[in-house]
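Here subunit A shows up in two complexes: once beside subunit B, once beside subunit C.
What follows is the complex of A and B.
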C-alpha cells in the first residue's frame, strides 16, 4: 500500500540535497569552529555562510541570527532573554492564548520565578488577535509581546503588521514565532515590523535539533545557555555544525522555491477543503478561510473521535494529525480549538492535514475517497452521533 | 502503541450496534476525555443472550467495548457483573498506561445496563 503522508507540520523528511550537504561535517569537516587552525576556521566560515542564508530567508542580516537547538529554544531565548534584560523597565509580558507551549510556558516561568505578570490574549473564532485588544492590554510595565505568525493547528495567519504597529507606537518589543511560516510564506522582518523572530530547521525540511532566532540590532538578550562566546556570547555550547549546515541549505532551497511551492500547496489545500466540505456532512472547517497557511487544511467532524479516525485512515496508508483530547498525552482538549470556541465534544473530532510538495493531486483524490467512509463508519459506532441524528442534544 | 488484539477489535468490533427493544441499557461518559459508551442487553433466564454497544472514543475505548461485549455474551448476570476493567484490559493484551482509563468505560456501562435490567425486573 502506498503511503500518503500529510502531517508535515508534525515532521517532514530531510531533503536529500540537505543531507548530502551535512554529511561531510560529521566526518572530514569535524573541526571545532572555535579552534584557530584551518580545520576549525573552515568550519567557522561554513557556519557564517549558513547564517547569511537563514538571514536571507527572512530579509535580515547574518549578524542578527543566532543558531539554537530548536524552535522551542529560540522562543525561550526571545521571551526570557528579552524580559530578563528589561526587567528594570517593567515586568509585564503579553502572549496570545494559542501560542506553542514553549512560549506559553516561558511566560508562566517568568510569572512564577521572576515576579512578572503575563497576559494571555484571547483570539477570535478564526484564531486571530484583535489589534485593539492588544493595544488595551499594553501597560507602562509591558516589555515584550509575543504573538505567533501562524498556527500549525488551525492554519490561521495573524495580521502581524497591524499588531506590530500597535507595539511600535507604544515602544514595546515584538517577538513572533514563525515556525509555521518561515519558508512557507514570504517573510521580511522589516516589513512585518518584528523585533525578534523564531525559525525552526525541521520546518524547512532540514534536520531536527536546529533552530534560529532573529533579533533586531541593539536588542539585549540575557543568554539562556551560559557558556563560551559562541554565537557572540548569546548562546554557549559548541555549535551543532551539521545541523547548521543542514538548516542553511534548507533555508536556501526554501527561499528559491517559495513562490512556486506556495501556489502548488494552495491548490492541493483548496481542493481538499472543498472536497471534504461537500462530501462529508456535519463538518466544521477550523481557522481562517483566506488568511491561512498554503498547505494546511483542518476540520472537526461531529460525533466521532480523532485518534480513532487517524487509525482508520492509517489503514488506508493515510497519515494526518488531530487535536483530540484522547490523542494528547495530557488527555486535554486542544487549547487552540477551545480558544476559537469549538465545543469540547466537537473538538474530539479534529483532523489536521499539512502538505508538502511531495504530495500530489492523486493523493488528495485518494483522501477524498477514503475519508468520507471512514467518518461514516465511526459515526455508525457513535452514541453521540445517534443522538444527534435523532435530533437530541449531543 | 496498541497490541495486535486491540487493533483487531478496533478494526472489526464484535457485536457493535444498538438493540431497539433492549431489556437493559447503560451509558457512561468518560470524565477524563469526555467520551461516551452505551451498552444494550437482552436477558433470558438470567443469561445475557444478546449484547450490543456504541462507542464515541479512541481506539482503546472501541476495542474495550468490543471485548467486554464478547466476554459478557452468554454469561449469567452474576458472571457478567464480575467482568472487571482489569480483565478487559488483560484480554486485550494490555493497554498503554494513559489509556487504562478507557477500560473503565466498558465495565461500567455494562454494569449500568445490568442494573437497569434488574431495576425493571425486580419482581
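What follows is the complex of A and C.
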C-alpha cells in the first residue's frame, strides 16, 4: 500500500541534500569547534557559514542568530532570557492563548518562580490577535510580548506588523514563534518589526534536535543553558555540528525554493479544502480562509472523533493529524480550537493536513476518495451523529 | 580599583549576562577596530572583570581608564580602555 504522508507540521523527512551535507560532520569532520587546531577551527568556520544561511532566510545578520537544540528551547530562551534580563524594569509578559506549549509554559514558569504576571490574550474566530486588544493589555510593567507568526493547528497567519507596531510604540519587545512560517512564507525580521524570532530545523526539512533564535542587536538574554562560551556566551554546550550543518543547508534550500514551493502547496491546499467542503456534509473549516499557511488545511467533522478518523485513514495509508489529543482516558479538547470558539464536541472531530512538495495532486485525489466514506462509516455508528441527525444536536 | 565618572566612549561591548571569559574575548576583538587614543566601553555584570580587565590592559600595553557602576542596572559595571597601540 502506498503511503500518503500529510503531517509535515508534525515531522518532515530530512532532504537527501541536507543529509549528505551533514554526514561528513559525523565522521571525518568531527572536531570540537572550540578547539584551536585546524580540525576544530574548520568546523567552527562551517558553523559560521550555516549561521549566515539561517540568518539570510529571515533577513537577519549572522551575528544575531543563536543555535539551540530545538524550537522549544529557542522559545524558552527568548521568553525566559528576555524577561529575566528585564525584570528590574517590570514583571509582566503577554502571550496569545494559542501559543505552543513551550511559550505558554515558559510564561507560566515565570509566574510561578519569578513573581511575573502573565496575560494570555484571547483570539478571534480565525485565531488572530486583535492589535487593539494587545494595546489594552500592555501595562507599564510589560517587558515582552510573544505571539506566534502562524498556527500549526489551524493554519492562521497573524497580522504581525500591526501587532509589532503596537509594541514598538509602547517600547515593549516582541518575540514571535515562526516555526510554522520560516521557509514557508517570506520573512524579514526588520519588515515584520520583531525583536526575537524562533526557527526550527525540522520544519525546514532539516534534522530534528536543532533550532535557532534571532535576536535584534542590543537585546540582552539571560542564558538558559549555562556552560561555556559557545554561541558567544549566550548558550553553553558543545554545538550539535551535524544538526547545524543540516539546518543551514535546509535554510539555504528553503530560501531559494520558497516562492515556487508556496504556490505549489497552495494549489494542493485549495483543492483539498474545496474537495472536503464539497464532498463531506457537516464539516467546519478551521482557521483563516485567506491569511493562512500555503500548505495547511484543517477541519472539524460533526459527530465523529478525529482520532478514529485518523485511524481509519491510516489503514488506507493516509497519515494526517488531529488538533484534539487524547490525553489519558478523558478526551481533552484542543485549547486552540476552544480559543477560536469551536464547540468541545465538534473539536473532537478535528483533522489537520499539512503538505510538503513531496505531496502530489494524485495524493490529494486519493484523500478526497477515501475521506468521505471514512467519515460516513464513522458517523454510521456514532450515537452523537445519530442524535444530531434526529434533530437533537445543539 | 580606579574609579571614573561616566566616560565618553568610541565603541561599546555589552557583555551583561554573557559568560566568562567573554568579558576578555569580545573586547580583544573590538579593540582591533579602534584607532590609538579611542576608548572602548565594556558593560558587564561579572565581578571578575573588575580585576581581569585592568590586568589584561597592563599585560597588553593598553590604558585602563577606570570603571564605574552602571546606574541603569544594579550589579552591573562600565569599564573603559583607551587603545594605545
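Assume the second predicted complex is superposed on the first by the 387 of 394 C-alpha atoms of A that agree within 3 Å, B and C clash if a C-alpha of one lies under 4 Å from a C-alpha of the other, contacts with A are read in each partner's own complex, and residues count from 1 in each chain.
The criterion applied here is as follows: a contact is a pair of C-beta atoms (placed from the backbone, for glycine too) under 8 Å apart; a residue touches a chain by one contact, two chains touch by 3 or more.
In this text, all values refer to a predicted model and were calculated from it rather than measured experimentally.
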Considering only the touch criterion stated at the top, classify A:222 as touching first (subunit B), second (subunit C), both, or neither.
second
If you stack the two complexes on chain A, which partner ends up touching A:281: first (subunit B), second (subunit C), both, or neither?
neither
Using the superposition on chain A described above, determine whether A:386 touches subunit B (first), subunit C (second), both, or neither.
first
Partner chain in contact with A:259 - subunit B first, subunit C second, else both or neither
neither
Does subunit B (first) or subunit C (second) touch A:373, or do both, or does neither?
neither
So, does A:308 touch the first partner subunit B, the second partner subunit C, both, or neither?
first
Partner touching more residues of subunit A, subunit B vs subunit C, is chain B
Could you look at A:88 and tell me whether it touches subunit B, subunit C, both or neither (first, second, both, neither)?
second
Subunit A residues contacting subunit B in one complex and subunit C in the other none
Per the touch rule above, subunit C residues touching subunit A in the complex are 14-19, 21-22, 25-26, 73-74
Per the touch rule, the subunit A residues reaching subunit C in their complex are 85, 88, 218, 220-223, 226-229, 232-234, 236
Taking the complex as given, what residues does subunit B use to touch subunit A?
7, 10-11, 13, 16, 18, 27, 32-38, 54-59, 61-62, 98, 101-102
Once bound in the complex, which stretches of subunit A touch subunit B?
303-305, 307-308, 311, 315, 324-327, 329, 331, 333, 344-345, 348, 380-386
